[in-house]
Amino acid sequence: MANSKFEYVRNFEQPDSLMPNTWIVVRIDGRGFTNFYSRMCAKYEFEKPNDKRALDLMNAAAKAVVTDLPQIAISYGVSDEYSFVFHKTCNLFERRASKLVSTVVSTFTANYVYLWSTYFTDTPLSFPLPTFDGRAVCYPTVQNLRDYMSWRQADCHINNLYNTAFWKLIQLGGLDNKEAEKTLAGTLAADKNEILFSRFKINYNNEPEMFKKGSIIFRDYELVEPGSHNEAAAADALAEPAVQSKSQAEKDKKRRAKAKVVVEHLDIIRDEFWDKRPWILSGKPGRPANPSKEIQT
Amino acid sequence: MANSKFEYVRNFEQPDSLMPNTWIVVRIDGRGFTNFYSRMCAKYEFEKPNDKRALDLMNAAAKAVVTDLPQIAISYGVSDEYSFVFHKTCNLFERRASKLVSTVVSTFTANYVYLWSTYFTDTPLSFPLPTFDGRAVCYPTVQNLRDYMSWRQADCHINNLYNTAFWKLIQLGGLDNKEAEKTLAGTLAADKNEILFSRFKINYNNEPEMFKKGSIIFRDYELVEPGSHNEAAAADALAEPAVQSKSQAEKDKKRRAKAKVVVEHLDIIRDEFWDKRPWILSGKPGRPANPSKEIQT
Amino acid sequence: MANSKFEYVRNFEQPDSLMPNTWIVVRIDGRGFTNFYSRMCAKYEFEKPNDKRALDLMNAAAKAVVTDLPQIAISYGVSDEYSFVFHKTCNLFERRASKLVSTVVSTFTANYVYLWSTYFTDTPLSFPLPTFDGRAVCYPTVQNLRDYMSWRQADCHINNLYNTAFWKLIQLGGLDNKEAEKTLAGTLAADKNEILFSRFKINYNNEPEMFKKGSIIFRDYELVEPGSHNEAAAADALAEPAVQSKSQAEKDKKRRAKAKVVVEHLDIIRDEFWDKRPWILSGKPGRPANPSKEIQT
Amino acid sequence: MANSKFEYVRNFEQPDSLMPNTWIVVRIDGRGFTNFYSRMCAKYEFEKPNDKRALDLMNAAAKAVVTDLPQIAISYGVSDEYSFVFHKTCNLFERRASKLVSTVVSTFTANYVYLWSTYFTDTPLSFPLPTFDGRAVCYPTVQNLRDYMSWRQADCHINNLYNTAFWKLIQLGGLDNKEAEKTLAGTLAADKNEILFSRFKINYNNEPEMFKKGSIIFRDYELVEPGSHNEAAAADALAEPAVQSKSQAEKDKKRRAKAKVVVEHLDIIRDEFWDKRPWILSGKPGRPANPSKEIQT
């Protein structure tokens, strides 16, 4: 049975390599999440608006992805979504979009399902199983990339403030969905803070950082005291791949593999986070973090 | 915290809709399979060259995908790969490649991990978990699609015959890898059949159909007695979307949802399979299969 | 001066090959035509709504493109646009979109500018010169391709009927633009025919075929008496590339090069045009047209 | 004749917008140039290796393109090729690749054909007419863009030195093609310089700048005395689009339209060219060049 007469079908595969020297963001989302989250809430009794177990599970699955793929520079998660940033110099799978997206999605899903029982000890998974879809987007400059990250974190803040107020009005205030919606219609951030405080004595600032800021995953090294404000342009220069010897690249790879992958809940909109951790944008591993020293922002 | 100044980053998303009116094949593969399979063999004691439990697990995960996504017309699996064919009229996710690929990969992975313990009762999964990558390819005609399917099944046959002979030479013949390789170098199919029969009294034709033909998954209806040879052109006509009333489309959807999803091991290179099951290419559900009647090829 | 350190920039080129086995349509349009045509009218005194010299020049430039590129199966032009159809088996420039589009646009433009003085004998071209832009679209089936062609010809009819009525109301009826627009608002085709006939004794049917149907360019052979209605599916079968010997392909190429390229103004929406000229969709050259015999529809 | 049933064919058009915030290079080439140039040489008696009239015509056509499209930041030409660089902030045609490429190619071709008789006063054009094809490539950083430009200019130098030596060996040295090829095989730049000087008393440095460096086209303003070495990173910052008022954008546009478009033959590999002309990368128009002052490098 000669196979050769069928092989021409391979010519229909279209190349999908992403532009070199750009930051690749692979973002995954809980599939059909609006329904999914409602379903998850109903089915597995997720707490509203934030279920700590559900977020911890998301973070654990994402940490497995980052650990598995050292080409990931940083990762940011909120609610049922996670963004994985591949460094602009990354050449994994020759930057083929479908390979990158499907590998991230598959690794995330495998760990999410496998680790479920660790976080939901008495609520077993059942069909249909939770799944995630994904897509890849490229950003040419550090400024564009940071604006993407800021966009997600600003979104997290806006949604969480709204959802916190909304659910407190229902859970503590006794309103129904419609009444809560109406109460919040047209309110600004300050108004929502005020509602939370005056009605329920809740200071939004004291809400858990994970809920307010989302989760950031990265390889950790010793923090750097930045001499000056770290402008995007300088970061671009930093991020420009210097010509590197093979042995240096090999050393870097080993240091990266040894680095501790951490999950934090920090402000990534302001410069400070990036200035203190230049290795994230430069791709050059830093000095091992002093294990006896506390992590500081 | 105004989010609007960051939102421009959405403009970097590139559309990736696949060409309308073409067959979409999403193929997934065990990630880094060459190593993966060896690793799986070593780690989980897969049998060589075919581990029935491993194939049954692949089939169960694929069946879950087909059941979950009724837009899939047919699916074919062999070894650690599976191809899912979306009908040319399918408009799921507006035919966006990344959504289609990631959803298939995620659903497959979730079920693979979840169902693992059903098939490997005393070999628990461990890190790093098995994962899959995927890609989408479009085929404009039924002939191209069937040639794709034939290519995969011919590949299955060629590899399985080789692997069966190779491992019998080692397992029963006492050869080492190099000797087995040398013995088979340059042999034709007939030679391999002869080696199996004369040395080990193994008639390759009696090997399990699943190993020789791979696995085909589809919705089952009453078989049709084809009046004549079903040419690709006629099939293209059949596959051409007729203008359909909304209510008819709704009825079809319900009938499709009720249809039994089956896993078979049949010849899909010859016309017979397709002629008897016109619903696969036409997308029009057939008559419910008589449950008391045996499935016949 | 070593060039090698810069050569990496070639890696930024993205492949843009179009899907194999699909019909490629390259459509070109007069750049910024709405303004352009008004400008052309003002600058070169084009007649409204149709300037025969301008259309003849378009046709001459398009004929040069078809003659130059024998992989073009058929071409259709109306107003300032032209569509060139490459046969689904065409492998010119490895089907790279940018090469196909730019070559068609450049050849068309070169001939348009070069031949200008032949058609506009006493109106020399001046800056800025007329230019054209283009794009490529693929169609997987003959039905899709014919629907594309029908779409353009139906558009031609609709626009020409409107424009004829509009300009007669102005030129013969003494109305101004606004009044003519208002007169035609909401009218159907029959109404416009009636306006032309009752007010100006113009029978639209007697208008020149080139204005009503646009222009079709193809290689001409002896017409075929179709035995039966030629369905799209059969045409797809016809269009399916049979395995062909090299020498046969070579012969076909020569016959195609010898064939006369003609410009006609026929109905391409109905089957008749295609049924009588099976070579257009099959790609197989027909028998040389009898030069003493009149071309018939 | 309802057009609506055909309109679905528009859905087959695939979007092809290029990534935002990247430099777009549209490069055009004489179609089938290797043959083309030989043909041009034979047909129109182009001088070898450089025909001043042919290059002047290329430059005139390119200048018309740059003048017509103010979004072009700079353009570089050598032999039968020309590269047009659209600024990273350019949003012309919503950055659609086919529109950008076809518009550049069409404008270039129209001017090349139209202006032919100005440069080849006694050699009229004849069929088939000279044509050009094109493609678009994106570069995310100023460094990548400058490396692209350097690549083309380094190529110009390498080819011109070789071709100059090659043709002098034939034209003055009496060698045939094969002998000239053999003489130059394996020689370095210094060897070729030496051959030219010792055999023909030709100092390559005295060859015309247009032949040695190619042609650069840009809008000219008053040169800037750069304070320091202008690093790529700083240029990236410079090139980053600042938020600009509408009225400022309008003013810039007018200043750009008024600026003189010049054709120069300068070194664009070293920093000096770019440092003195920051407006090319920044996109911000400079101060009008003093007309009484000589242009200096």
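Observations on the model:
Letters A, B, C and D name the chains as they come in the text, with residue numbers starting at 1 for each one.
Quick note on the criterion: a contact is a pair of C-beta atoms (placed from the backbone, for glycine too) under 8 Å apart; a residue touches a chain by one contact, two chains touch by 3 or more.
Molecules present, by chain and UniProt name: A, B, C, D = tRNA(His) guanylyltransferase.
Quick caveat: nothing in here was measured; it's all calculated off a predicted structure.
Using the average of C-alpha coordinates as each chain's centre, B ends up farthest from chain D (tRNA(His) guanylyltransferase).
The pairing of chain A (tRNA(His) guanylyltransferase) with chain C (tRNA(His) guanylyltransferase) is characterised as same-residue: of all residue numbers used at this interface, over half are used by both copies. Centre-to-centre spacing of chain A (tRNA(His) guanylyltransferase) and chain D (tRNA(His) guanylyltransferase) amounts to 43 Å, using the average Cα coordinate of each chain. Between chain B (tRNA(His) guanylyltransferase) and chain D (tRNA(His) guanylyltransferase), the centres computed from C-alpha atoms are 51 Å apart. If each chain is reduced to the centroid of its CA atoms, chain C (tRNA(His) guanylyltransferase) and chain D (tRNA(His) guanylyltransferase) end up 33 Å from each other.
Within chain B (tRNA(His) guanylyltransferase), contacts with two or more other chains are made by residues 12, 14, 19, 21, 138, 144.
For chain B (tRNA(His) guanylyltransferase) in complex with chain A (tRNA(His) guanylyltransferase), the touching residues are 1-3, 5-10, 12-14, 16, 28, 31, 64, 68, 93, 96-99, 101-103, 105-114, 125, 127-139, 144, 147-148, 150-151, 154-155, 157-158, 189, 269.
On the side of chain C (tRNA(His) guanylyltransferase), the complex with chain A (tRNA(His) guanylyltransferase) involves touching residues 11-12, 14-15, 17, 19-21.
For chain A (tRNA(His) guanylyltransferase) in complex with chain D (tRNA(His) guanylyltransferase), the touching residues are 19, 21-22, 88, 138, 140-141, 143-144, 231-234, 236-237, 240.
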